[in-house]
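Residue numbering begins at 1 within each chain, and the chains themselves are lettered A, B and C in the order written.
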Amino acid sequence: MRTTQKDNPALQIKPKAPETAIWRHHHILDVDDFSREEIELVFHTTKAMKEVLSRPIKRVPTLRGKTLITLFYEPSTRTRLSFELAAKNLSADVANLSASVSSVAKGESLVDTLSTLQALGADIVVMRHPRSGAPYIATKYIEASIVNAGDGWHAHPTQALLDLYTIQEHRESLKGLKVVIIGDIMHSRVARSNIWGLTTMGVEVTLCCPPTLLPVGLGSQHHFPSVSIEPNIELALDGADIVMTLRLQLERQQSGLLPSIREYIQLYQLTEARLARAKPDALVFHPGPVNEGIEISPNVAHGPQSVINEQVTNGVAVRMALLYLLTGSQKQ
Amino acid sequence: MKPLLIQGGRIIDPSQGIDITGSLLIAEGKILWLGKGEKTPPQPDYDVLPARGLVVCPGFIDLHCHLRQPGFEEKETIATGTKAAARGGFTTICCMPNTSPPLDNQTVVEYIKSKSASEGVVRVLPIGCISKGRKGEELAEMGELASAGVIAFSDDGEPALNSHLMRQALDYSRAFDLPIIDHCEDKALTEGGQMNEGIISTRLGLRGIPNAAEEIIVARDLALAQLTGSRLHIAHVTTEGSVELIRRAKEKGIKITAEVTPHHLTLTEERVIGYDTNAKVNPPLRTKRDIKALIQGLNDNTIDIIATDHAPHTEADKLCEFDLAPFGISGLETALGSLMSLVHDREISLVTLIAKLTYEPARIIGNKYSKLGTLAIGAPADVTLFDPTLEWVVDTKAFASKGRNTPLAGERLKGKVMATIFQGKLVYKDDSINVKGS
Amino acid sequence: MPKKVIMTQEDMRRTLARIAHELIERNELLENLILVGMHTRGVPLAKRLAANIEGFAETKIPVGTLDISLYRDDLSSLNLQPVVKHTDIPTSVDGKSIVLVDDVLYTGRSIRAAMDALTDLGRPHLIQLAVLVDRGHRELPIRADYVGKNIPSSKHEEIQVKLKETDGVDEVTIISTPVAKEGQ
């Protein structure tokens, strides 16, 4: 886990990118492993990948001969597709394994499955799993690079990086921006990864949610000086540059964390009226899939301030950038 | 067997207030003679176990461990568990009843006793269930269990959540003068919990187990102990708040005793970072602040004893996603080594440490089982020898226990058990120890 | 390490002027020409050539930049991952005459990668190659159409091109790198 980054003075002038860069991550598990310089390198590489995506032939031979296998224990069409396209654009060979949690019941453990992937020659495994920490086991039992596509409540680093990239496409500098995250922070890996990524880049983060959905300790100014808590959505949105809404899982009411979905909508739905309290050019984010009418009104989701579709496009570019950077790490 | 002279060690026996350099003579399974300095015993014929540079103390007593037999023999058996105990310097261990079938009737107790006699290498004392089948509904037949030889009652693994049942258990047990040991956990608050609730659980995305979950049931049990005047023993205390509650209860004269484990005294929740399932234990590893309070509790006798809560699991059990791994640390063989760090850091004295592992647990077990935890003349020759400064690396492959599940694997510890003697017989010795004929 | 200057600033100016004249001479349809500089030093060289052509023939030639990091065949064996830079060609390449511009031609692998990149961008009519220095030791059947200077060199020598735009000075030097002794 990181504390703070040393400010690199060279980053404040606009320098020429260095000829080579030391990318020391063999795996991509969480954003809080990344320094500010590394995140900047991801942005830089993503920009080049976006150029590739603008060509008629969206393909480069960079990962030719490499095998990427997606191992998804949770269903997800869009994230998996995004990774698959990213890999194919780089000319990697792609295979998909949809292990369901029932294969665990059949007796095949995670470690067994990983051994199989190793035997099949996977160079990169993209893993999504319902339990926090699962990709960390993978790093101990397989030689391939592990890319975390979401583990339990813990992390979704590629989502955070594409969110950060999308912000900086619109705003040039992240430092000093006010970002508000609204929703079920407790159970959200997207929220966690975004919080670590945003604070690393010097952003002021406000968390807005019912107190029962706020994880312990985030209100501590001592540990998280750039994070503030504001359960009232109107106050939270005042002067915001960026608004990130999270998907509300409907099971939360059943586990007693919310009295009702109705009340959540009344208190926390991002409506046009509420959005108007943010800056006039404020951007609206959502990691998808969107529960229209619950955490966000349809008008806002499809409105002019929404960048939800850009997030998806940038997702492929960011993932291409990360896969490129990972192949460099494999020889170290 | 020839008498054995343990020669020239630092003999520390808190039960007699002894801390001298000298020699101890053992014969026919009992302590025969103790001599100060260079003195030798009157009878000339004995073997010698050189103990220069070593501490010689009563064999350690563990009031809380899990031997898994019957029912979970893949995790541990009485044979392997007692061997592990011997390697850890323990000559008496008390096994919890969460076996399958559980220890809620005489037949299973007899099974434990006979297995221990035939396959165990140290003394095994059984703890009986509070409730039938450990279901937490009806009282177990405590009278039968007491006659069969249990030294306490507990539903460990589970708390005795039904307050009415807990009260009945406390009342009923008074007839046998045996303590009720409670694992204090409010399960409504801990459901799905994986580790201590705090900033680290937030960062790791794991559901937390708050301090309050322990303190609520500790407070309830203390109130019931006061109400009934019966003997209560709080298992594995882990929080600052619990220590404070117990301290105040003792000031009021309530008959309670409490224990703490070596891992809760030396490891924090930070061990879970990286999702090491070997650091997953219930109650969970807490914070530096809690550790400070626990050590203070040991020093002012709020906490009476140290007990390992040895909980072995197979490698396959722990080789999985953090959420799915069972709770438990295999602790018998690393107890002394890890506890000695507290002595080296001057947090507790060596004498206090030994007392908490010998004299104090013996007091809780009581005189039913002859004189344990002492080197008094005529007491059973249960003796432990250890080197307080020897450094060694924890090699789980060398464990006698089937449980390799410890976060201390590969760590360097300072302080090692060199020999363990049970009823006059050498049940463990380090390779460097040689008994010489005289 | 011993260092020898092979081309001075004046040498380079004259050479680039001569190449520009050669380009004009051999490309009848100057309007169809695009100069594509290869990162890093090929880019300022391409710009200088374009300026020269504009001066001599009064025709403005578009200049593009090309990054070949994603096309290298040696990614698996490099120690460090090259930072991807930008590929930016201002017009479509279809049907155009492309002149790739680079500072040093050595094994030819960068040029192979560049040709792959260009053909992924479209279908050029013609691809030619202009280099400031050709130091020999080709590993692929590739040759330059326009060469500033041929500098035969051994594998233990390093050719260093410095440009005002990137290094503050115009100079080409050859440096002998120490040879590893037997048995070390």
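Assume a contact is a pair of C-beta atoms (placed from the backbone, for glycine too) under 8 Å apart; a residue touches a chain by one contact, two chains touch by 3 or more.
Computed from a prediction, not measured in an experiment: that's the story for all the values here.
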**OP:** State the chain with the largest centre-to-centre distance from subunit C, centres being mean CA positions.
**Re:** B
Original post:
Hey, which chain is the most central one here, using CA centres?
Top reply: A
Original post:
What whole-number Å value describes the gap between the mean CA coordinates of subunit A and subunit C?
Top reply: 40
**OP:** Could you put a whole-Å number on the gap between the CA centroids of subunit B and subunit C?
**Re:** 75
Original post:
So how far apart, in whole Å, are subunit A and subunit B when each is placed at the average of its C-alpha atoms?
Top reply: 46
Original post:
Which of the residues in subunit A end up touching subunit C in this complex?
Top reply: 17-23, 41, 44-45, 47-49, 51-52, 55-57, 59-62, 90, 321, 324-325, 327-332
Subject >> Contact set on subunit C toward subunit A in their complex >> reply: 40, 67, 69-72, 75-88, 116-117, 120-122
Original post:
Contact residues on subunit B for subunit A in the complex?
Top reply: 197-199, 201-206, 208, 273-275, 319-324
Subject >> Interface residues, subunit A side, partner subunit B - complex >> reply: 1, 32, 109-111, 129, 131-134, 136-137, 151-155, 189, 192, 215-218, 220, 223
